[in-house]
Structure formats: structure tokens, C-alpha cells
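Okay, so chain A shows up in both of these, paired with chain B first and chain C after.
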Partner chain A sequence: MLSFINSFISQTITYAVVYTLTSLGIVISGRAGIFNVAAEGIMLASASIGFIVSFLTQNAILGFIAGMIMGGIFGFILAYIHESFKVNQFILGISLVILGTGLSDLMYKLIIGVKLTAPRAPKTPLIKIPFISEIPIIQAFLNQDVIVYFLYFVILFAWWFYYRTKIGLETRAIGENPKAADVVGVNVVKRRYLSTIIGSMLIGISGAYLPIVITGTYMPDISAGRGFMAVGIAIFASWKPQRAILGGFLFAAIEVIAFRLQVISQNIPYQFFLMLPFISVLIIMMIFKKQIEYPASVGKPYSRE
Partner chain B sequence: MKDKKILRVILIYFLSILFAFLVISIIVSIFGYNVIKVLKTLLTTSFKTTFGFQETIKKTIPLIFTTYAYTIPFMIKFFNIGGWGQMLFGGTITAVVGLTLPYLGINFPSYIMIPLLIVTGILAGGFFGLIAGFLAAKFDINPIISTIMLNFVAVQFLNFIATNPIYRDPFEGHPITLPLPKSGTLGFIYGVPVSIIFAIISIIFVYVLIKKTKLGYEITAIGHNLDAAQKFGINFQKTILTTFFIAGALAGLGGTFEVINIHKKLIEGFAQTSGAQYGIFGVLTGLIVAGDPVGVPIAAFLMSVLLVGADALQRTMQIPVEMVFLSQALIVLFIVTFRERFLRRT
Partner chain C sequence: MNNEIFVELKNIRKVFGSVVALDDVNFSVLKGEIHGLLGENGAGKSTLMNILYGLYSPDKGEIYIEGNKVKINSPYDSIKLGIGMVHQVSTLVPQFNAIENIILGTSEDKYRLKIEEEREKIKNISKDLGLEFPLDVKVKDLSAGLKQKIEIVRAIYRGAKLLILDEPTTSLVESEFKDLLRTLRSLVKKGVTIIFITHKMREVLEACDRVTILRRGKVQGTLDKEDMTTDNIVKMMFIEKDIKVTESALPKVELPESKKSPKPILELKDVSVESSERSVGLKNISFELYGGEILGVAAVSGNGEKDLAEIIIYPKNLNRGEIYVDGEKINGLSTLQVFSKGVFYTPEDRIKEGILPDGNLKENILLGHHSEDRFLNNKTFIKWDEVRITTVDIIKKFNVYAPSEEIIIRRLSGGNIQKVIMGRAFVNPIKLLVTHNPTSGLDVSTVEFIFEKLVETRGSGSAVLWIGEDLDELMILSDRIAVLYKGELQGIFNRDEFDKYKIGLLMIGGQR
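This part shows the complex of A and B:
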């Protein structure tokens, strides 16, 4: 029983990296007023480049850095086209999703090509804390790879940044009322660029995590809708970082439960368990309907006139 | 004044395609391919042979349906990314009906069977579209999220049917059903699927619906100014539901024809072509026409020309089909950007 709980928590945390980093990334750009619907495309492009780099260099960390850079590039494009040309964020987001989808398979086919046996990603370094990593349950949280520790760090940092620093407060204000923030001397456009790029970098890391850690190899459409589920998490979390983190862990748990039930269950066809995470998104959004709040300026380009 | 606007629109499309092909040319030449040959193959394959042209029409038909599925809700500022799921669901239910009847020993002649399957596809697709419309109207859930979630539900549902002991083909390793009865399938005229007739009917239907009916007028009014439209007593929620039903019905109809005309059975991934699925291509085409249903058939045909060119590139030059997919995405990105730059400022 104990080992079951252990492995369940451990697996949930692995998936939580994907959901939490992505939804946090969306929350971070949303807080500054940019609704990043392109998460799915960013994840796919970063997954592809991350896997390619880690496979060619045989170094997982370099793969994550490549994914992060790809995310940053997408974030820059998103912020640039949105702020300079005032393109509707949803239209832009969908275009970027499609761009990322095309780019991911193309890069893989051009650089790695079609192989008979799927190439494997190198191992991601694990961090083990002596003694503490031996205790049951706690072990599931701490006996993890570097990126999980990075996730813990990001969670703490996001909380500290948004609720304990002046810059964080100002950035939250941009999402609510960019004009007022501008009046008190905050450079709204610069903050929006920064928030979108940093948020997209986190999404990029989570994208690279999919092929390098979770599946160990690249396959087309590897993110399988998780980018859009993360958008759903960000919405029902009302762009609050702490709720996005909870939502990320919740959906990771749902995915792991669906995965396990599918193996155990005899009577119900496994396809219905695979539907479960997607249906849960809709059900949770229906339940939380009353509590959902959007930052007032999210989705609108900022201009001084 | 109007002439000037048309000129600008033409300029936008021209510049976008030029820019996208420029980027593609650079990528292609980095990997050492002959750029002139690539562009020539891409643009002329459809028109060089009869087969190329037939293939183009074959891709245009489903693309018209998924593009309408995106375009009609887009007219009231909603994003239906679920054309794919609606197409899959429509095709799946069509196959279920088409296979269950002979399984039960009921054999209708084709003049009953074909209309029955078509109505099935319309209702099934429409129902699937209506779910997203309902979630948007009653629970304020953005269709971008709900339609994509429903796409994945439809994928799994198709898989469930195609691996079901009653329907599946026991000699296939891949999820594929038994063939539909002969009375439930359509053929080809001169190598062109018969479903082209229904595609043309749908084009006329959408044109009349948008331009000549009260519903079309309401859709246009909401698209221009929601507040004013509501003040004049247009029921917004009802219009959301209707548009999503129509969008889903058209996509479902597209799925029906893929099943009964092209494959003649249900195949996992039947709505796929040239490296991606028709839903994504429908969204791309829909972004190009930007909510103008009149432009849909033309844009769908031009997209299909690129898709046929993409297949030829893969066959003759071993360039992955995703190259063309990427170029289409770039064309769209440039178009949406230039459109804001050159049209809104005036």
C-alpha cells in the first residue's frame, strides 16, 4: 500500500511538472494582460527542439535550455505581433499553435529523420538528498529529477514575486488597469514583453520535459492537448498563481488515475478513461463558473491614446 | 473608396504569400534542395495531370466543410477549433448506423440508405457542435477550450467504435471497421467523388443562409455590434446554439462523405491528409478568409493545391509534407498581421 501511494505521488509529480509549469506560464503572461492561447504550439515546438538537442548532445539539461529558448522566441513573437500590430490574441494564438505543430514535426524529420528504432533521450540528472530521500511519502516528493526541483523553486518564487515584491504588485496592476499603472510610471509594454517571454520560457521547459522525461522519445503531437488543458486551468484559476499550481497537480493526478484505471479495468473500454482528463476540464470549468474572474485588461492590446 | 479596399486586400494576400514562400525558400535551400523545383512542384502539380486535379478536388471537399465549421461561429466572434472532432463524430456515427443495420439484418436500398446516412452525419456532427455551443452560451466556457477537449473525446470515441467486436475488421491490425454495405456508399464520376454535388449544395445553402435569411442577418448583426444587436431584440444565446449546430452539422457531413465515399469504411485517422488533419487545415483556411463564407470554396481549393503539391514534394524530392504545413501557417500568420496593419488603421 505504502509503495503504491509512493509511486502514485511520484508519477503525479512528474506529470504535474507539465501541467503546472504550463499553466503558470499562461498565468504569468495573463497577469500582464496577454492571454497566451498558443501554449500547445509552444510546447510542441519546444518538445521537438528539446529532444533533438538533448539527443544530439546526449545532455538532457541542454535539451531543456533549448526548449526554454524556443519558448522565449515564441513568447517574443506573440508579444511583438500583439503589441505592435494589435492582432486579436486568440487569432494570433491559434496561428502560433498551428505554426508550432508544423515546426515540431518538420524539425524532427529534417534533423533526426525516420529511424527504425525510436531514438532515446539521455537521462535527466536526479537529485537525492541524503536521509530525507529515504523516508516514505516524502521520498516521492524529493526523489525526483532536476526539473521537479526547478518546479518547486518556480512555485516559491512566483508566490514571493507576486505577493511580496513591488514589481510583482505593479505587474498584477498592469493586468487589471494598464492605464493606471502607466500613470504611476510603470513601462507597460516592456512588462508585457517580459512577462510573455518568461511565461513562454516556462511553457517551453514543460514542452521539452515531455519527450525527455515522460516518454523518453519524440512522437508527433506529443503534448496531446495538455497545452489547451493548461489554458483551461489558468482560466478556472482566475489567473491566480496558487490556484494554477493546485490545478496543475489536480490534472496531473487525474491523468495518472485515468492511466492506472485503464490498466486495471476489465469492463469499461479503455478509451473512456483516456477521455476522462478532457471531460474533467469541462466539468471543472462548469463547476467553477461563478468564481472565474479575468484580469480586466487580459486580451486587449495596450495603447496610450 | 471600395476599390481601394479591394486593392489593399489583394496586396495583403500577395505580400503574405510572398513572405511565407520567401521563408520556406530559405529553409529549403539551407537543407540543400533546389528552390525553383520545389516551388514549381508545389504550385503546378494540381494542374499538370488529370490525377493531380482529381486529388485536389478530393481534398477540397472535406476542407470546404471544416472551413465552414470554423467560419460560421467566427462570424459571431466565436472560435470553433472543433471541426475535426465534429467531423470524426459525424463520420463515426454514420459508420455505426451504416454497419448496424445490415448487422441486424435490415437492408435498405441505396435511395433510402444514402439519405439516412447523410441525415445521421448532419445530426451527429450538429449534436457534437451543439455541446460546445451549449457550454459557451450557458456556462461561458470559451469554445477554444471546449472544442479542443471535445476533439480528443471524439478521437477516443472513434477508436472505441473501430475496435469494437461488432464493427471491427478482424483481419486488420489497425483500428478499422468492416466495409459498409454497397447500398450505403457513393462512387466517383470521372475520378471525382460524387460528394462534390453535396459540397456544392452546401455552398449554396450557406450563401443563402447568410445573405438571404433572418438568421443570417442576425449573425451578421451580432458580428458587427453585439450590444446593438441585443438592443434590437436578437437572442444572442439562441444564435450561439444555432451557429454551433450548423457548424457541427457541416463538419459532420464532411465526415460522413469521407466515410461513405472515400474510404467506404471507418478508419482511425480517416480525417487526415498531408501530415495534419482536416480540422487544422479548416482553421487555417478559415483564418485566411476571416469570416467571409463567400471566400471559403476558393480558399479551400487553393489550400488543396498546396496540399497536393506537398504530397508530390514528399514523393519526388523527399521533402517532409510538414514543410508545406509550416508554409501555410506562415501565410496565415503574415495575413493576420498585415490585415491589422493595413486595414484597421483606415
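This part shows the complex of A and C:
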């Protein structure tokens, strides 16, 4: 039983990395007023480049860095087109999803090509804390790869940044009322660029995590809608970083449960279980509709004149 | 006050699209004075000050502060130069409390959030200026008057030597205006220079040492205290217009005797609306409104005045109480059914609620009349020719300045849009007009036109329910004024009992 719980938690955490990092990335840009619905596309493009780099260099960390850079590029494009041409954030986001989807397969086919046996990603380094990492249950949380530890750090940092520093307060102000931030001398455009790029970098790392850690190899449409689910999590979390982790773990657990049920049940078509996480998003959104808060200006362009 | 120039703007020009907002404007302010910047809506006052504050960049012109030429590209620069601005619309973050709002954006120590250390400093400043407000309540729960105090303290906290106030009295009542005046005087004693933007003459006469008058983007002149008379100012504000104005720069319109109808046109009995996140709702509202009468409802925005208008034109939402129009109960009716009883409505936000911005004039005139038989064939197909005739008629009768009835309405000016909305209300003979802030942001001649329309409606025996927040306006034209505060009726005053101070106090919840 204990080993079952351990493996369940451990597997959940692996998936939670994807959900939480992505939704955290969305929360970070949303706090500055940019609604990043391009997450799915960013994840796909980063998954592809991340896998390619890690496979060619046989170094997982370099793969994550490549994914992060790809995310940053997408973030820059998003911020640039929105801030310079005031293009609607949702239309722009969806366009970037399509761009990312196309780009991901294109890059893979150009660089890796078609192989008979799927190429494998190199192992991601694990971090073990002596003694503590051997205690049951806790083991599941602390016997993990570097990205999991990175996630713990980012969550703590994000919370500290937004609620304990002045620039965090200012960034939140932009998401609530950009004019208010502008008139007290905060550079709204610069902060929006930074937030969108940093947020998209996190989404990029999460995208690279899919082929490098979760599947071990690249396949088309590897993110399978998780980028859109992460948008749901960001909303469910009321755009609070500390709550994004809750949502991330919740959906990861649902996915793992669905995955396990799929293995043990024979009569129900497996597609039903694949659908479960998506249905849960709808149900959870309906239940928590009243509790959800938005930064008042998320999704709205800002210009002085 | 001495004669040292603190700020000087030279040859400022600013163009928005094809509109010249400011044309070769020269403006200077002496150290330690309260300088009024007076002009009609749209004269360019706010644009000029937003340039000084760094929100807009001028197309041409130079700015000098204490004799030195400066370049102001953003509020960040202007704050560093000691300029503070209190904007017309609150620029506080509604979700943050006063302290968070005040320390927002200050440049030193970017990372540490020193809420507790700053608390004392902020408390001292506000005590010193006599501007007290709760420090730990989210700003969205505070009144407009308190928000303004926070903004003034914020400017002083950040070391403003020049304070720009943009229409600071818009949402203040009489007693709050007096308090503001006292604050400004004490600021001047501390060496702060003040620019006071307003379109009300009386405020300039009471508050300012000198005044500069802007008209259509051009400076008409600057008057010293001894030359500041109503006559001089009116002459400069409305040169070629032959308009009689009151001290508040509102058009003077006579209210002739009218015949009150024997029975009320509109009657509310114990009407209540649940409060919600968006509004305070209404609590047991009862009143009667007769034909040939204008009933002004005075309320500071957000005190249930919108619910009052909306419950009358959409009584489907009415759960408690009864509403009668001309003796007929209208509970549960839809808006179109209410309109068919001879009621029409002009909403507060003319762009968002009053029109289809991308529709042409015909389509906008049809709105609200779209299920009337006169505009329909077989109750289904629109008779556009009929609509066109009606539209052309309204354009003529209401002096709408529009090239044709086919023009997209958002291309018209605010005043012309309001005239179309007004005209639409009079497509059919009406018994009751519900109108919410019909004059906000309009120039004097349009305001005069709308005033005259209201008086005409009253004279024809119809009733007008006029919901507004400008007490000066309401006092000119209303037969009676009802005061609404937090969704409760505070009292109804007859014309001979009008007292600006008393009614104003009730509007902000003061005792009788």
C-alpha cells in the first residue's frame, strides 16, 4: 500500500510539474495584464526544440534551457505584437498556438527526421537529500529531478515577489489598473514585456519536460491540451501563484487516476478516461465560479491616449 | 506668493488624429499660487496638464521648471521634478489599500516592501494636511471624496512642489468642496504651487489667485485676482456665443409655470432591489411624479441611482414593491412593454449603453422602437424608408450636426450623439422621460439645448425623472429634488427649499 501511495504521489508530482509551471507562467503574465492563451503552442514548440537539443547533446539540462529560450522568444513575440499593434490578446494567443504546433513538427522532422526506433532523451539528473529522501511519503516529494526542485523554488519565489516586494506590488497594480501604475511612474510596457517573457520561459521549460522526462521521446501533439487546461488552472487559482500549485496538483492527480483506471478497467473505452481531466476543468470551474477573482485589466490593451 | 515663475509651458501644440487639441499654448504659473485653468469641456485643459505630467507628449513646444528647460517623457520624469497630479478619474488601484497605493512606484528601494515603516510617515502627512482616511481598507470600498484625499496625500508624500488637480470637484458635494479649499490653502502655506482645473466659474472665483482661460485649444488670456469678475470670465470663455450662464458656468434657463397633472404619471411604492457586487441596490423607495414636473434625483455615483433608472424600464427584475405608470401597474413587464406605455430612457453611459457605436443614425434611432408597428411590415420586416424619414426629422429638430442619416454614429461628437439619443426618446409622444446624467461632458450650448428640451417636455404635460450627480444642474431645472444615498431616499425637497449645502450633505450621508 505504502509503495502504491508513494508511486502515486511521485507520478502525480511529475505531471504536476507540467500543469503548475505552465499555469504559473500564465499567472505571471496575467498579473501584468497579458492573458497568455498561447501556452499550448509555446509548450509544443519548446517540447520539440528541448527534445532535439537534449538528444543531440545528450544533456537534459541543455534541453530545458533550449525550451526556456524558445518560450522566451514566443513571449517576446506575444508582447511585441500586442504592445506595438494592440492586437487582441486572444486572437494573437490562438495564432501563436497554431504557429507553435506547426513549428514543433517541422523542427523535429528537419533535424531528427523519421526514425524506425524512437530516439530516447537522456536522463534528467535527480536530487536526493540524504536521509530525508528516504522517509516514506516525503520520499515521493523529495526524491525527484531538478525541475521539481526548480518548481518548488519558483513557487516560493513568485509568492515572495508578488506579495513581499515593491516591484511585485507594482506589477500587480499593472494587472489591476495599468493607468494607476503609469501615473505613479511605473513603466507599464517594460513590465508587461518582462512578465510575458519570464512567464513564457516557464511555460517553455514545462514544454520541454514532456518529452525529456514524462514520455522520454518526442511525439506530435505531445502536450495534448495541457496548455489550455493550464489556462483553466490559472483562472481557478484566481491568478495567485501559491494557488496555482494546488490546481496543478489537483489536475495532475486527476490525470494520473484516469491513467490508472484506464489500465484496470476493460469494459470502458479508454477515450473516456482521456476525457476526464477536461470534464473536470469544466465541473471545477462551475463549482468555483463565485470564488474566482481576476486582475481587473487582464486581457485589456493599455495606451495613454 | 511672489512673482517667481515656477512652471512655464511655451508654444505647446498637440494633435489627436485630425483634431487640434492644443494650438500654440503659452501658460505659466507663479510659485506658491493657486492657478485656475478654466474652460469648457473639450477646451484642452486636461490635455495640457497631461503633457506637463508626462502622460502625453506634445507635438511641439517646451517646458521650463524654475527657469530650466526640462524634458518630460513619462510620469516618472515629472514626479522626479516635483510634479504631482490628482486625476479626474481616480487612478488608485481598487484592489489595494491606501498605504499600498501611496507607496506604489516610489523609486528608492525597489525590492523591500516597507509597509509598517511608511505607515507612520503617511499618517503624519495626512494629519498635517487634515486629510484623514482609513489606511487598511481596500480603496474600492471608499467614497470618491476619500479617494481624492488619498491621491493628494500620495502626491505630497512623493515630494510634490506643484500639485495639479484635474476637475477635483466633479464628485464632491458643497461641504467637501469647502474642505478641499481649506486643504489647498494650507498646502500653499507650505510652499506648494497648485493648478486647479475646472469648468466652473464659481470655483475659480472662490479658490484661485489667478486664472488662465482656455477655449478650443487656445489660451484666451490670464486674469489676476482683481480682474477676475464673472463678466470678464464669461466674455473669455464663450466669446461669440450669446449664452446666459450661471455662476457655475451652466446655461441659465428659465423654468416657467406649468400645470401639474391631477394624477401621478409615475408612482413607486416600497420598491426594493437587492444589493449586489455591482451596486448597493434600493431600499423601500416610494415617491410620486406628476405630469408637468421635473423630479431631480441627486445621488453621488454608486448610490443606487442606476438601479432606480433600470428598475423602472426593466421591472421584470422587481421582486419587492410596486411601480405604476399613469395608474397602471408595470411590475414584471419587459423594457419594450414599458416603452409602449409611453416611457423612454436615456442611459448614463451614452457610448456603452445608449448607442450601437458602429451602426448608422437610422439603426440607432430605430433602437427601442424596433417592434413598433409603424416601422414594421407584417410585424417582421423593417420599413427602412419610414425609419429614414423619422431620422431626418430628428436630425432637423434636434440640430444634430451630421452629414447624413447614413453616417456611423460613433463618428459624431459626444454632444451630437446625446442629441440623437434624446431625439430617439421623442419619436413617439411620451408621458415619462427617465434620463440619467444627460449633460455629462457636453459643452454649454449643447447643455442649454438639452435643458430646453427637458423644460419643453415638462411644459407639454409630461413627467421627467432626471437622475444626476451635478447638484448645480439639478437645482436650475427641477421642481423637486429627491436625494438618494446608499439606495435609500433621504428626503424630497420642493423648489423653495433648495439648499446646496444641505442637499449636498445628504448626498454623502450626512444628517439632516
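The definition used in the following text is that the second predicted complex is superposed on the first by the 304 of 305 C-alpha atoms of A that agree within 3 Å, B and C clash if a C-alpha of one lies under 4 Å from a C-alpha of the other, contacts with A are read in each partner's own complex, and residues count from 1 in each chain.
Convention: a residue touches a chain if its C-beta (ideal position, glycine included) is under 8 Å from a C-beta of that chain, and two chains touch if they have at least 3 such contacts.
It should be emphasised that the depicted structure is a prediction, and the values quoted were computed from it without experimental measurement.
Student: With everything superposed onto chain A, say whether chain B and chain C fit together or clash.
Tutor: fit
Student: Touching A:99 in the superposition: chain B (first), chain C (second), both, neither?
Tutor: First partner only, chain B.
Student: Looking at A:268 after the superposition, I want to know if it touches chain B, chain C, both of them or none. Which is it: first, second, both, neither?
Tutor: Touch status of A:268: no partner.
Student: For A:37, decide between first (touching chain B), second (touching chain C), both and neither.
Tutor: First partner only, chain B.
Student: Between chain C and chain B, which one touches more residues of chain A when both complexes sit on the common chain A?
Tutor: Chain A has more residues touched by B than by the other partner.
Student: From the CA centre of chain A, what is the angle out to the CA centres of chain B and chain C, nearest 10°?
Tutor: In the superposed arrangement it comes to 80 degrees.
Student: Should A:186 be classified as contacting the first partner (chain B), the second (chain C), both, or neither?
Tutor: second
Student: Once chain A of both complexes is superposed, is A:109 in touch with chain B (first), chain C (second), both, or neither?
Tutor: first
Student: Quick one: is A:177 in contact with chain B, with chain C, with both, or with neither? Answer first, second, both or neither.
Tutor: In the superposition, A:177 contacts chain C only.
Student: With the two structures laid over each other on chain A, which partner does A:135 touch: chain B (first), chain C (second), both, or neither?
Tutor: In the superposed model, A:135 contacts neither chain B nor chain C.
Student: Applying the touch criterion given at the start, work out whether A:165 contacts chain B, chain C, both or neither, answering first, second, both or neither.
Tutor: second
Student: After superposing the two complexes on chain A, what is the shortest C-alpha distance between chain B and chain C, in Å?
Tutor: 5
Student: Share the list of chain A residues that count as touching for chain B in one structure and for chain C in the other.
Tutor: In chain A, nothing is touched by chain B and also by chain C.
Student: How about chain A: which of its residues touch chain C in the complex?
Tutor: For this pair, the touching residues of chain A are 164-170, 172-173, 176-177, 179-187, 296, 304-305.
Student: Considering only the defined contacts, which chain B positions touch chain A in the complex?
Tutor: Per the stated touch rule, the residues are 31, 79, 81, 135, 139-142, 144-146, 148-153, 156-157, 159-160, 163, 275-276, 280, 283-284, 287, 320, 322-323, 325-326, 328-330, 332-333, 336-337, 340-341, 344.
Student: In the complex, go through chain A and note every residue touching chain B.
Tutor: 37, 81, 85-88, 90-96, 98-99, 101-103, 105-106, 109-110, 224-225, 228-229, 231-232, 235, 269, 271-272, 274-275, 278-279, 281-282, 285-286, 289, 292
Student: Per the contact definition, I'd like the list of chain C residues that touch chain A in the complex.
Tutor: Touching chain A: residues 16, 53, 55-56, 74-76, 79-80, 85, 87, 91-96, 100-101, 103-107, 109-114, 154, 158 of chain C.
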